Each structure stands twice: as structure tokens, then as C-alpha cells.
Amino acid sequence: MPGNSIGKLFRVSTWGESHGKALGVLIDGCPSGIDLSENDLQEELNRRKPVGVSGTTRLEEDKAEILSGVFEGKTTGSPISIVVFNKNARSKDYANIKEIYRPGHADYTYEQKYAVRDYRGGGRASGRETVARVMAGAVAYKLLKKSKILIIGHTIQIGNVIADKFQAKEIENNELKCADKVATVKMLNLIETVKKENDSIGGIIEIVIKNVPTGLGEPVFDKLDADLSKAIMSIGGVKGISIGAGFDTALMKGSENNDEYVIRNGKVRTLSNNAGGILGGISSGEDIVLRIAVKAPASIGITQKSVNSRGKTVDFKIEGRHDVCIVPRVIPVVKSMAAIIIADHLLRQRAIQE
Amino acid sequence: MPGNSIGKLFRVSTWGESHGKALGVLIDGCPSGIDLSENDLQEELNRRKPVGVSGTTRLEEDKAEILSGVFEGKTTGSPISIVVFNKNARSKDYANIKEIYRPGHADYTYEQKYAVRDYRGGGRASGRETVARVMAGAVAYKLLKKSKILIIGHTIQIGNVIADKFQAKEIENNELKCADKVATVKMLNLIETVKKENDSIGGIIEIVIKNVPTGLGEPVFDKLDADLSKAIMSIGGVKGISIGAGFDTALMKGSENNDEYVIRNGKVRTLSNNAGGILGGISSGEDIVLRIAVKAPASIGITQKSVNSRGKTVDFKIEGRHDVCIVPRVIPVVKSMAAIIIADHLLRQRAIQE
Amino acid sequence: MPGNSIGKLFRVSTWGESHGKALGVLIDGCPSGIDLSENDLQEELNRRKPVGVSGTTRLEEDKAEILSGVFEGKTTGSPISIVVFNKNARSKDYANIKEIYRPGHADYTYEQKYAVRDYRGGGRASGRETVARVMAGAVAYKLLKKSKILIIGHTIQIGNVIADKFQAKEIENNELKCADKVATVKMLNLIETVKKENDSIGGIIEIVIKNVPTGLGEPVFDKLDADLSKAIMSIGGVKGISIGAGFDTALMKGSENNDEYVIRNGKVRTLSNNAGGILGGISSGEDIVLRIAVKAPASIGITQKSVNSRGKTVDFKIEGRHDVCIVPRVIPVVKSMAAIIIADHLLRQRAIQE
Amino acid sequence: MPGNSIGKLFRVSTWGESHGKALGVLIDGCPSGIDLSENDLQEELNRRKPVGVSGTTRLEEDKAEILSGVFEGKTTGSPISIVVFNKNARSKDYANIKEIYRPGHADYTYEQKYAVRDYRGGGRASGRETVARVMAGAVAYKLLKKSKILIIGHTIQIGNVIADKFQAKEIENNELKCADKVATVKMLNLIETVKKENDSIGGIIEIVIKNVPTGLGEPVFDKLDADLSKAIMSIGGVKGISIGAGFDTALMKGSENNDEYVIRNGKVRTLSNNAGGILGGISSGEDIVLRIAVKAPASIGITQKSVNSRGKTVDFKIEGRHDVCIVPRVIPVVKSMAAIIIADHLLRQRAIQE
């Protein structure tokens, strides 16, 4: 099966290129009777917009239009088709890179795979593709809300600056979506410095999914953590993912890592959460905690060695402005992918329950 | 779709419980005309056996039997069914843990999901399930070999001991499958110490996949790194995965992280390999490099707090011997999952090429 | 998985309601480098239009727009999104049937399934949904053409009038897409009579697929005839399908039904074609011959007993004009579905060939 | 995806060749807590055995063994692996047809597809493959029983002898599974005559599925009738399928064919059932009625023209005894395929219901 769809029962298919006519998403399998409006989608789209010093200046006035699957304000059970028409897409801007394989971008690999290449702004490999993911995520949230499931995403590291305080209410209005006010200042300073160097910088995101019912996840291959990993690793720029104690488990003994069980408020709970809310691929009812490594944007204003499609070496430097750090912009995308997977597994679990 | 299958065109489905009658794998989509014998499978199964100080003492004389899909020594294109009958499975050993949710195991979550639980040795959540994965991997290797693709897996960390030398030929006969002889001694000492404490320890594995042709991977969700991540994260005990520079990218600037292009031997190559051989989800021809975090085995001989299925808190301690460190045993499993995914994408890429 | 997609490697997903904003199709898995323009699509759409005495009078000026997946006139390998905006859709026309379960329509079953119902013109159950199928078929034809595969579809029966001559060149311009000029006159007379009675009438279609290479079809469930049957039975109004000698095989002895092998022009061929070009689910190189039963349109201008959503019995009569016989309009839809399945199996066969 | 699996949530995968070591089925997605024993499977297997004058004399003492997925008499939610070891399989019997393409069999097409061919008794194309389907059907029935769904299958035509009476209780013990005692005598006479001629004969089966809840079936491609058609057309020897009035709809006017709605016992019901229990691809609550054409067995004791794999024409005649008419033996297979599809759609409908 081709690769532009994800989810088994809550099925999301995205389409569209950065500088094509439009891009969009098709959602099949959304139950009927869910309230859904274009405003719901717009809210999430706005969260994805570049903000402040870390972002690009491309003006994306993305307007989501629902073309099917919603009638009188409610989903009908039929496929939901959502489209965003591209407005600010000047493809001539890209004529000069038509033949160059930009370092860190997918130009070369796309051409190797498909023989042809849509060179306008990265085509399908552009970060703009995530517009479709975020719209699908907005629909998934609607399902999660009915089960009171909540997803928090925040920046925990930019370069060598690490956040070590967590104030939930700080996140939403923080320019870097960081829960640590003090660290944010340092992060912004670092970004400012990197920007002056015409360079870019990476970081780490943490996602916490709360109130997930027990029993979600399908052993042995469609484990909940396996499906979350795939979904999130499929986002451009993501280079690593871990759950719970993650790579620190390498250092831990079984006696340190095992989460002991207790009864709390009449429920089976654990004293610690090194497992990150999933055991044997199935949700345990504890918070699902994921950490995600995001690389520095590949587009930088520094001369790099490259090669063109005629096999010649060239010096290459990107003109114009680009994102210095995409960590805050990736957060709503990661949250959307998580929402899609959780929604999918909610439906999958229903199917096998009497 | 249920969760016990992986791969789209090279389709692998596993079945069987730790202490049931048998366990096995069904492979559908393997091209015809491939040499395949039970010896090929046995060789890989033997690699999975516990060796030396880190392992358990359960004697698993696993014997692979091919029941279909092979005729006169060659695959026929029909499904390949392979079975291993369980011999050394004494389920009464588990009667005393019938009602206890063992910390770090999936007892509680399985019961939450399915209402019933096969308590014998973890049932389907047992590490023994990987026997089926390894047999499927052995078939996948056959396909990879035709394309000269090679997979290397080695231990790079146990607890706080880090390997920093790499001698490829060391791996195969090294008890810990570590490419650094000196570090191995320290790792073994650590394991010995942990064993005396009746405890267990985690570690990190590195996988290098060589000679992968360019063009494998299906944007945007079935990216090669996304599919590898899912496949490997679905292995019990794996808590994190990263590609190329991985979590270190957080610290890197774009100018450090981007791999510059050059022409080498008439081919487009990169000077560095921070991307880990995949760009935009498509293989670039460079080595694919993955790092995988493995937790300490959950079964330890130390008393832990737990809860039973009647909601009572209990003190719990595992009697008998178990693996102290599963890192070396997980390596052939990780390699098998990687082989399955690469084989699958080889077939997927063929389908779209004229 | 939800039900609005078909094909495994050439993956077609349709969306949109009869009287919604738009309807469309998303095609994932189409190889790159195929010439494709909006004109290609428009040509097929025009074939689907109602013509002459059998048709409706709803003016559907359907204009296909390609929103993605095509760059500089060629497919890129990325998903192809095609949309048709609904123009002549007056939903208020349907307000009076909002609560009535129309006999022969899917009003009642949709409401039972989804609790909500898009009552405007049948919503997703409308024949208008086939616009999307026809556009996908137009893309599939492009792939078939490269393999010189040809699909012929013609009317072989309307009511009790049976065509018994076959002149291929007659079909394209024949109002009923019938290859028998004399029978056509009788069929048109019958349709005229039925129309005066405000009634409607059914018929039978034959599809002949020529030049299909040997080896297409995936035993044992995705046999080529099984997949064709599903695809065609999924079209609204189709009530039966058969291959080769079809239901006549009930009357035949093995010695009559078996197709004997001969060598013709250096190729293995059969003397007869009762199998209809498929044996064991795999194409044999002979013509694939299918027969399809199409029911009379359910919308008639005669009073019928019905029930409304409040459980009251009502007398129901459809006002306005509707198709008297949809057989000729179903032909391009059946051909499209056949094209999609053959294209899909062409790609599937490639994947397993060295 | 390869072709040996069917069902999306109740996922059935079959494997094994006629004369290989064993054949079996893997069922993934069966809910936990269902009573299941080897006896349940054996009962259905026995129904598939050849009986009386129409059958073959190959003794198949098929014994079903459950290898996984059942614990303490109940399904666990894990994959159910069932195997039957082949006992009476003498492959040397087939050495003489090793190179011949038997008319009406799949020898030629399999070789065209896979290059290699398992010539022993048809390999995977053998009717013996249906053993696996029947075992999966037995598991599916368990799910259907909980919803009180019942499947009746009976012979309605052999050659030109048509059954026109229906006495349900006659079926189970009738040698031809025909509900018409008088017609049965004539059918048996016909079979006796055909047998003396060393020939074989076809027929027609009717399937009636009772008590299907409303709402099953997934528009627009996975319509319930489309999925049933595919599943049943995938059975060897089946050449046509129709629903409700089927091919007779060609002759019918809308006013004759539409099923008018009434209220009966407080429920919405129809006066007639020409739709065959499905409208718009969704079950209406009326009986689902299917008719299936089955060809005469291809193996006959009459000399036929054929060709061998070296391109030479040969005279070919099958020695030994084979089935004269497989209609009664196909009935449990058709019922099993129907059961699998209904079970699958029961689970699919659950997933989208709150």
C-alpha cells in the first residue's frame, strides 16, 4: 500500500505539495454525530503558524475548507475531505535551486525514488505538508475529548539549554511552547545568536498524554508505543523518539526501572512511571510520556558544498529567510500525530469489546 | 486490522504463546524461486539463544519446521508457514503468579485489554514471541542478500559502560555482541555484579544497514525511518530509537548537522552521515544507522511491591533464574525486524518502477 | 479499515456527497512519469453524462480539477487529488423527502448505520458518487495503455430485449452503448414505453478486457476475478456478476466447460474461453469476460408504500424526472472499476517479479 | 499486500498446499472470551467431507489442532493458529502430470505467475485449500451465534434439474444438501449418468443469512454485498454470484423490483425482498440472499487436448476417480466465507458506534 495514509480505523490520508494548487487531508472512519466546524480546524492551524524570532516570514494565511462528510454541523460517518488552497506560493523563487541537491533536504532522495522531482519548495517533502496533519489532528482531538484525553506538548531543550521547571499554564502563550520561563529566556538568546550566524538549531520536545483509558494498543506489532513512534518519526526533522525513561533505561537496573504497583483511589496505579504509560504495547492508565529529538532546519544562510543533478559539485547558500528553530512549530504536529494514533486505537479497542 | 502482522508486501504474521503448544510465523508475499531450508532458519534461531553470564538457563531447543510455501528447496510464492513446537514449557511453574501483576511486565495491561490472561510465562507478551520474528528475519535476509544488503548489530552500551572502539569481526563471537573487546570486559564485570544483587541492567544497541539502494521508503507516513522505528519499538523491552545523529541533533546547528554532498567514485555521496542514511524518509545510499535503548529485564530476584487481580497489595519476588541483561539477545531480533522492513520496502519500490 | 478506499498499491479513495460542496478522489500509488492532464479526466467524465431518452435532465457540468501529484504534465509519484465542485445542487428540492425512506434507496439503511442521514439526493449513496470512480478510472487507463490493455463495455440486455450481434465500432456512438444496432431500436422502444408509465427498467452489461498479461491476480483471496467482482458489485444498482460462462456453467459438463489448450502463434492459448480469462484467480492471457446485472432505477413516478423516520406509513411518489434506465451510464463506471483493479494487480505483480 | 488474507478486523490468513506437510489458518482479531474447542472445528470439517455418489474417494481424515490463542477453553484475543497435517498425500501420483497444463485447472496460470509450480495435486490451487476456510468459518460462526445470526446453504440446481421446493430440515441430511426431496432424486440420477460418462457437472447454490442486524457494511467500496461477493468468488470453481433478484433484475421494472416499506411488529420491514437484504451496501435487517454458480469439476476421465510446459500438444486424460459434482461440498465453504465476512463487519460496525 502506498505511504500517504496512516491509521487503520481512523484513517488519515494527506496530499498536496508546498507550491501546488492546494493541500489537504481525507479522513475516513470518523464516527458520525461528532460536532465539527471549520473553526475547529482553523484554531489548530493557527497554532502551527510561525511565531517570533524562531520562525520564517512566509505568510501562510491558511484557510481550512470542509468539502464533505459534515452535514448540519455534525460528521455523517462519510469521508471528511478538507482542503487548504495555497496562496502565497511563488514557485519561480525556486527556479535557481531546480538542479541542486540541497544538503539536509530530500531533493536527492526524491529524485532517486521517483526520477522526477517537484523542486518548488521541497514539493511534498516540505514542512508545509504538516498543515494536513494538523487538520487531521484537530478532528482526532474531537474524539479524544469525548474520552477526556488530553495531550500536552512542550519544548524541553533547544541546543544546550535545558528546561527543568514545568508550569503547564506557561506553555500556551510561551513563544517557544516551553513550560520553564527562565530557560525560555536563555533559549531565545541562543536562537538570536544562531540567527545572526545565519545558522539554525535543534531541540527536544516532550509529549504527555493524559487520561488514556487502559487497554489501548494491539500486540505484538501495533503496540501503542510502536504506532506512536512511527507516526511521530514520520514528521520531517524528527530524528529520535523514546518513551518513559527512554535512553536513560540503559543506565538503570531492573529494580530502579520497574514501576511498582499500588492501589490509589481504588485503582491499580504505579509509584513511578518509567514505562511511560505503556506496558507490552498496551496503555496502563498512567500518563504516556514521549521525548522527541528535532534537528536544526536544513535551510541555512551559510555556504555549503553540494552537487547538482548533472553531477557537478557546487557551492550552495540559501538566500532569503527561513526558520531558525522549528521545535515550537513541530509541537502541534507531534500532538496531532499522537491524537490520530490514540483516536485510531480507541476505535480499534471498541471493535473487540463486547 | 489486528496487530499481529507487519509489512505491506512482505507480510509477516506471528502467533503463539510462551507456554502454549507451539509458536510460529506466517510469511505472505515472499517472491518465488528463493532458496530456503530449515537450516537457514535454524542458524538464526541459534543466534537468539542465551549465551554466557547475561542469559537465562531455560533450555530452548527450538527446532524450526517449514510447513508450506517451499517446494524442492525453493519458495513457490505461496505463504510460508513455519512452526516451532514448545518443549521445555512447564506452565505449572507459573501457577503462583497467576493472580499477581508483575512490575515491569504486561500482566496488568493484558488483563485490562482482553479480560482474560494467559498467565503462563507472560503468554504472548513473553520474549519467546521473538522466536517467530527471528525466523521471519531469516527469510527476509535471503531477499536482502540478493541485493547485497548487510545488517550489522552490536552492543554499544551496558549500564554506564560505553563501547568506543569498533572492530566488526569481534562482534560475532563476542558474548555480548560488542565490537569493543576492552569495553566488553568491563560490561561483563558489571553484569556479574548486577547478577549477584539479583538485579538486572539495560543497554544500547547500534544497527548499521549497508548497501541499501537509494529510493527505498514511502513518503509521507511510511518513511523508511518511520517504518523501521515502529518495527523495532514493537520489540519488548525497547524504550527508544534514533537515527543518525539522533538525540544529539538537539545540540547541533544546521551547519554541523547537514551532510554536504560530494561526488565519490562517480556517485553522489555525503561527507558526513548525520542523517543516518535516510532523507525525507527515503534511503540515500549511505549506511542506515539506528540506536536502540533496551531496558533492564523486569524479572528480578528482589522483593517489589505489587498488586494482585483481587486488588490486594502483595510483596513479590521472582524465584528461579532469569536473564540479567537481554541486550545481546535483542540484537538478532532488532536485525530481523530491520531485515523485514527493508525487504518489504524493496518489494514496494519495485512495484512503482517501470 | 473504513470502506471508502479500494486497491492495494494503486489506491483509490473517494469522498463527497451528491449535494455537498464538492466530490473527489485521491489516488495514492500511481507511478511517477505518467502523462496526465485535466483533459484526460474530462473525456471520461463526459462519457458518464446522461444521453438521450434513458437519462435524467439534471445538468451536471462536471469539471475535473487536479490539485496535486502532477507537475509539468506528469505524475510525480505523490498522491493525486482530483476535485469536482457541485454546481447544480439544490438541496431544498429534497426537503420533502427528508423523513421518508424511499423504496429501493439506501435512506433507511444509512440512517440505521450512522444515526444521522444526509438526505440531500441520497448523500453519499447517490449515483453521483461514481463521478469520483470515473476520474480514478481515467488515471488507471493511463497505466493500462502502457501495457496495451483495452476495456470494452457494452449493453447486452435491457428488460427482455437481448443483443445478439456484436459490432465493436457501434458501441461508442450508440445511445445505449449496445453493439447490436437492431436490438438497440427495440431497447429504445421498450425504454420509451416504460418512461410513459413513469416506471424504470434494468439490464445486463458485458465487459471484455483484452491483452491482459498472464500472471495477474493474487491467490487465494485476492484472485483477479474476486477483486473484480468486489469492485463492480460495489457500484450502486449492480445486483450480480459472473465470469466467462458464468451461471450457464450450472448446465455444463466438465467436458463442455473445460477450455482445451493449444499452441497458437507460439503461445499457449485455449480453444474456448468458458473460464473468462482467469484460472485459479490468475489471468491466462485470454480475454477477461464479465457479465453484470443492473437493476431498474429506484426513483419512479408511481405511488409506492413507504414508511417515514417517525414510523408512520406513507404513500410516496417521486416528482420530477429521473433516469429510466441507467445501464448505459453504468458502463463507464464498470469499466473504471475494472481499470482500477487491473492497474492495481499490474503493480502487485511487479513487486514479486525479479 | 499479498493475497492470502481476508477480513479487516476479523482477519483470516490461510496457508498450505494440497500435498505439502500441512495446511492451516491463522485468525487474528477474534475477540477474547469466546468458547472454542477443536471439536467445534472438527464438526465443520466433517461437513466438508465428500459424501455419496458425487464425491471423490480420497480419504481425508482431517484433524484440526489449535496451536495458539485459546487458553482454558476460551479465546484470549491473541492470534488463533489452527493446523491440519496432511496424511493421505501421495505426491508421486502426480509425477505424470508434472509437465502438463490440465484443462480447467490453474497449472498454466500458476506457472506463468510464479515461474515455479508445485504440481502435486494442484498445490495451493487445490480444493483442499478450503479446509482452512472451513476452520476459519467455524470460529466466525461462534461470533455470529452470539448475535443469533444463522446461515443456510442449499443446492438449488444441478445441471438442468432445478429445486423448487424448500424444506429447511431436509438440507442437513440430504446427500446433495438440497431442500427439495423430489428434485434430489432427479439430481442424483443426473449425477449417476454423468459419472458413467466419466464426466462432471455444475450447479447453483443459494445462501440465506438470517437475523443480520441492520447497519452492517461499509460504503462505498466495502459494501456488505461487495465483500461477500469477493469472498465467495475467491472460492475455486465459483463462476458467478448475485444478490436478491440478481440477474432477474434485468427483466424487472422499478415498480416490480423496489421493495415497499411497511411496519411489522414495530419494525421497519419490506413487503418483498428483491434487494436481498442489503441496500446501499448496508444490511437492512431482511434475509441476505445470494446465488452462486459452481462449475463442473475440471478433472474428468475423458481425453482432452492439452499442452505441456515444453510447448508440445498432448492428449490428456485423468486416471483415478474424482468428484463428479462439487456443489454439495462447496456449500460449507460458501457458508464459511459468508460467516467470515459477516463476523468482520460485525466488528467493524462496533468500532464506529458509541
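In order of appearance the chains are A, B, C and D, and numbering begins at 1 in each one.
FYI, a contact is a pair of C-beta atoms (placed from the backbone, for glycine too) under 8 Å apart; a residue touches a chain by one contact, two chains touch by 3 or more.
Since the model is a prediction, treat every value here as computed from it, not as a measurement.
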Comparison of A-C and B-C (more C-beta pairs in contact): A-C
Chain separated most widely from chain B, comparing mean CA positions: C
Computed distance of Cα centres, chain B from chain A, in Å: 26
Chain B and chain C: spacing of chain centres that average the CA atoms, whole Å: 46
Whole-Å separation of chain centres (CA-atom averages), chain A against chain C: 39
In chain B, residues with contacts to at least two other chains: 1-5, 8-9, 14, 29, 32-33, 77-78, 113, 124, 219
Complex contacts: residues of chain D adjacent to chain A: 1, 9, 29, 31-33, 77-78, 219, 347-348, 350-354
For the chain C and chain A complex, residues of the former touching the latter: 1-5, 8-9, 11, 13-17, 20-24, 26, 28-29, 32-33, 65-69, 71-72, 74, 76-81, 83, 113-118, 120, 123-124
Parts of chain C lying in touch with chain D, wherever the complex brings them together: 1-6, 8, 14, 101, 103-106, 108-110, 112-113, 124-125, 129, 157-160, 194, 197, 199-204, 214-223, 225-227, 229-231, 233-234, 236, 239-263, 266, 268, 270-271, 274-276, 278-285, 291, 293-300, 302, 304-307, 311, 313, 349
